[in-house]
Amino acid sequence: QAPDTLAKIKDRGAVNLGVRDSSGLAYTLGGGKYVGFHTEMAERIVGDLSKDLGKPLTINYQVITSQNRIPLIQNGTIDFECGSTTNSAARQKDVDFAYTTYVEEVRMAVNKKSGIKSIKDLNGKTIATTTGTTSVQTLRKNERAHNIDFKTVQGKDHADSFLLLEAGRADAFVMDGSILAANIAKSKNPKDFEIVGEVLSTEPIACMLPKGDAKLKKAVDDSIVRQIKDGSLAKLYDKWFMQPIPPNNVSLNMPASESTKNAWAHPNDKPMEDYGNK
Amino acid sequence: MIELKHVSKWYGPVQVLTDCSISIQKGEVVVVCGPSGSGKSTLIKTINALEPFQKGEITVDGVAVHDPKTDLPKLRSRVGMVFQHFELFPHLSVTENLTIAQIKVMGRSAEEAKVRGLKMLDRVGLMVHKDKFPGQLSGGQQQRVAIARALSMDPIVMLFDEPTSALDPEMVGEVLDVMVGLANEGMTMMCVTHEMGFARKVSHRVIFMDVGGKILEDCSKDEFFNHPENRAPRTRDFLNKILAH
Amino acid sequence: MAMDWVVFCKDTLSGDVVSGCLGHGRDITYLNWLFTAWGWTVAVSLAALTVALVVGSAIGMIRTLPDKPWLVRLGNAWVELFRNIPLLVQIFLWYFVVPALIPSMKAFPPFILVVLALGLFTSARIAEQVRAGIQALPKGQRYAGMALGFTTPQYYRYVLLPMAYRIIIPPLTSESMNIFKNSAVAFAVSIPELTQYALQVGEETARPIEVYIAVTVLYAISALVINRVFAHIERRARVPGFVSSGTGVGGH
Amino acid sequence: MNLDFSIFNWNLIQNFILKGLWFSVMLTVVATAGGVFFGTVLALMRLSGQKWLDAPAALYVNVMRSVPLVMVILWFFLLVPLVIGRPIGAEYSAVVTFTAFEAAYFSEIMRAGIQSIPRGQVFAGQAVGMTYGQNMKLVILPQAIRNMLPVLLTQTIILFQDTSLVYAIGAYDLLKGFETAGKTFGRPMETYLMAAVVYFVICFSLSAIVKRLHKKIAIIR
Amino acid sequence: MIELKHVSKWYGPVQVLTDCSISIQKGEVVVVCGPSGSGKSTLIKTINALEPFQKGEITVDGVAVHDPKTDLPKLRSRVGMVFQHFELFPHLSVTENLTIAQIKVMGRSAEEAKVRGLKMLDRVGLMVHKDKFPGQLSGGQQQRVAIARALSMDPIVMLFDEPTSALDPEMVGEVLDVMVGLANEGMTMMCVTHEMGFARKVSHRVIFMDVGGKILEDCSKDEFFNHPENRAPRTRDFLNKILAH
């Protein structure tokens, strides 16, 4: 039968929130502090849930990884997750997604000195990406579409993949733009790196919910719509993408893309397949 | 006292005891000898049921060893046994070695057990070592403690399995002396040993076993040593070898 | 939970089921990919095993040399160093830190670095076994070799090592099986072996259970094969009439 | 290459490292205790001489010992919530996994420890009239425990090192603490080096203690 | 042939040889005895430099053992040594045991080594076992192979360290017979042994050592056995013990 996550949340007076610890939209400052655009947005969603349920809710932050997030949602370890999960048709078989709150454009980060400007420059190069992400597939597809040949190396998480680029073990790091920007901003010498090339894939990022829990989905979607309507989401975006952010107090300097703005203007939960991806 | 009737034993397909029959009276001292691997140790272990056997009957002081209903621990507690490698309990002091079975098996009080144990320790001449651990004693001393341990259980019979063959030659004497003393006091004893001097001095009977666990000879000491012409060739050959040097 | 084994027959790009389950050329199925990943696991493990055996034997041997206290100390230090740091940390050190400190190593492919990490980590354990094997021989064997006029390298070669290796075949077997298991951490530094396959494909196909089962079975098969190989070596090397008692368990 | 260790201030240690250290130590202690308990049960099953007890225990032990720990960790993370039917965090999952995994290794150590006691000792205990239980309790186990304690403790040190593998499910252990700190402050090399030093100091000291303990409790034979 | 002058040796703080001086002529057979731990094995091992010593001088056939420049492997190859536990190489067949050192150390051809090795094997009466492995032989046979192995190196002197004390009593004779034969042929021999029958039969001199590695007696066989009144009390006590049973 359909799960009733809201009832469970109400019972325990707490939300088991899935968060990421090193993605651009959600990361940790250590000491149990989880921050980021989507983390803070999730906290606001929890605030709205608390109002709906008429009960104060605490948040148990549960760090998840690319590999385990779907099983964890499925088996109820976490109630929902707001990190950097792509809404895809394949995943929709196993989980549901809230309205898209951010549209990710997969691009690549390179060392400025490398001279790489486009996917076509990657022939014979080594490219880093992260195990358990859709970018691995995106990369394979692009390799085929442009009929080029390159080597991929897979870091176990984004920070690791960036380290591969930083250490010169890879020539490019193909990943969601926000993640690239965040990792560049955090690096020792942010000026050495830049994000280049065409958009390899456009991916709607959304909070991930248990499959078939309409009540929860509605509550979350309502909260998102509320945040869009009253402009607080845009403000939040500004805070995390345009202003200096912890821990290093550098700014990502990444204005909202057209597709993101579009998603806010027309709230929807369409999968990436509807964004013109092959 | 001890009665073996047609005892046979196999390890898998290998027969290690073949139709052994022996009868030992109270107060008798019997020496068992024979080449290595002839089943001497196995024979002596079947008597207090440390090794099971497949055929035949053994009774010790009227108790049927082969009977599944027999309380084996109780039987064993009344049969003293001394091993080639002493087998003192290395984690216990000499006194504890002497008392633990008295207390846990016979149910004696710690006090009583200690009195009895130390008396036996005194008897083997090792009173000064009562608080040491086995590893701190020489081989000869360990074996004498092992004898004292067996004696403190008030055994009705003592079984010895090559008690001196793991000892330095110097120490053989001190252990044999204790055994001679026991024999002279009338203890019923069955000893696997190649110390023919000991056999000559105190044994009443000698049993000679050959490979496959066959008893080739079972005769009086006098017969065994003084009438080689009546012995089987295998026995004579063996005796020649171990007495030659 | 129903199993869906067809997932392995799917093309890795289109997700279409391929008849025959195996792709051609650049069109590969998840099954093709699985075998490639297994190949990496085997390659990493066997290469590391070679390193571990060579280095471990050398270190183990010098720890038993008489009258060479400095070499013995060097060997002991080696063993302590490599066995008191978790393998995963050692792999990161080799991968990120060592090339940064020694620029010429930047050119080394990750495969080599992982093999070095896993090989040297295991060399400490093998050194320990080789030392134990040599010291388990009766002291008189060394004396007997010397008494016949063998030089130190000669009596190691002709007297001590042949028996020491025979004695340590059982612990060497489990250490070799451990290498296969420990190679799983190589995925942390982007070697596309079985565990990385499990993580990536489990995610891509959303069928983690089937994928994990397949990967686990391949690990078990690898361990079993190694076990049989060593059992065969042990049988071939058995010395008529010689019975040895086994040693040591533990470790992974 | 210039290394910069200045990021290691008390704040960072407190925020990143200590939390991880605490978890690694907790995981080691709990898994050791649980592993010893279940390991004893497994070892007794295997030594029982009863096929129906021995066979399942042997199967469990052999399966656990032929699968990489990382895979076992992933398996439990996937399966435990499905089996018990409720959410379980990465940390709890790690505790369950390590307990189950170590039980297999500990049971082998105990089995070997018990079997290392010479047969003569078993005979000697029986010969003075001890029952099977008395013999176990008074003669075999006291010696076996002394023999296997060092191996058990060494295994515990290995276990402590293996806690670093919980990163696969995102649990926050000592290594993860260093890693997160390193990535957050853009100093990964320094933190990996520091992690190596910290692990080495802890494990080396522990094994030195085990060695001394071994000398102290060894039975003089 | 063998000359020890004031040899002393310590293991850490423990002195195991104290000022030992011995001189052995070509063709002499010398028996060394003494209680366990008295340093007999250590003494015999210093002679072919298996154990280093800290003080004194040893020369063997004119070669100075204590000289760091001496080619010790070469010296050792000329001194035959037989150990208590045989120390055959278990992974090599009997023939390989006999030939390997001839080939690798003396540089003989495989052919030549085999001829010489088998001759010695024949001499100890074990030709039929030439293709077996040590583990397939009895203790007495192994020890005889070990003697043959030493002999096939054409030793100028043979050292024996308790060659019969690890043997079943039955097998002691066969090994002693070989040793008696060697002695009668005029081989220079130094034997640590407690087989007093052997000492009486073939030795020329007996050395008695006491704990701490002190030589208490060094006298002719006749003196040693027939004039106990001239012996130190310690020696008399020891002799009593090992001859008693």
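For reference, chains read A, B, C, D and E in written order, and residue numbers begin at 1 within each chain.
The definition used in the following text is that contacts are C-beta pairs under 8 Å (C-beta built on N, C-alpha and C of every residue); 3 or more make two chains touch, one makes a residue touch a chain.
The structure presented is a predicted model; accordingly, all values stated were derived computationally and were not measured.
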| item | value |
| --- | --- |
| Chain of greatest Cα-centre distance to chain B | A |
| Winner on C-beta contact pairs when A-C is weighed against A-D | A-D |
| Chain centre separation in whole Å, for chain D relative to chain B (CA means) | 46 |
| Geometric centre distance via CA averages, chain B-chain A, whole Å | 81 |
| Mean-CA-position distance for chain E and chain D (Å) | 51 |
| Per-residue overlap in chain C, given as positions that touch at least 2 other chains | 96, 100, 187-188, 199, 208 |
| Chain A residues counted as touching two or more neighbouring chains | 67, 71, 156, 163 |
| Multi-partner residues of chain E (at least 2 other chains) | none |
| Pairs of chains, among all present, that meet the touch criterion | A-C, A-D, B-D, B-E, C-D, C-E |
| In the complex with chain C, residue positions of chain A that touch it | 66-67, 70-71, 90-91, 93-94, 128, 131-133, 136-137, 140-141, 144, 153-156, 160, 163-164, 167-169 |
| Sites on chain E touched by chain C in the complex | 45, 48, 50, 73-81, 83-85, 87-91, 100-101, 104-106, 132-137, 149-150, 153 |
| Chain A residues within the chain D interface of the complex | 16, 21-22, 28-32, 60, 62-65, 67-68, 71-72, 75-78, 156, 159, 163, 186-188, 247-248 |
| In the complex with chain D, residue positions of chain C that touch it | 1, 80-81, 83-90, 92-93, 96-97, 100-101, 103, 177, 180-185, 187-188, 195, 198-199, 208-209, 212, 215-216, 219-220, 223-224, 248-252 |
| Chain B-touching residues of chain E, taken from the complex the two chains share | 35-36, 138, 165, 168-174, 176, 194-195, 197-198, 238, 241-242, 244-245 |
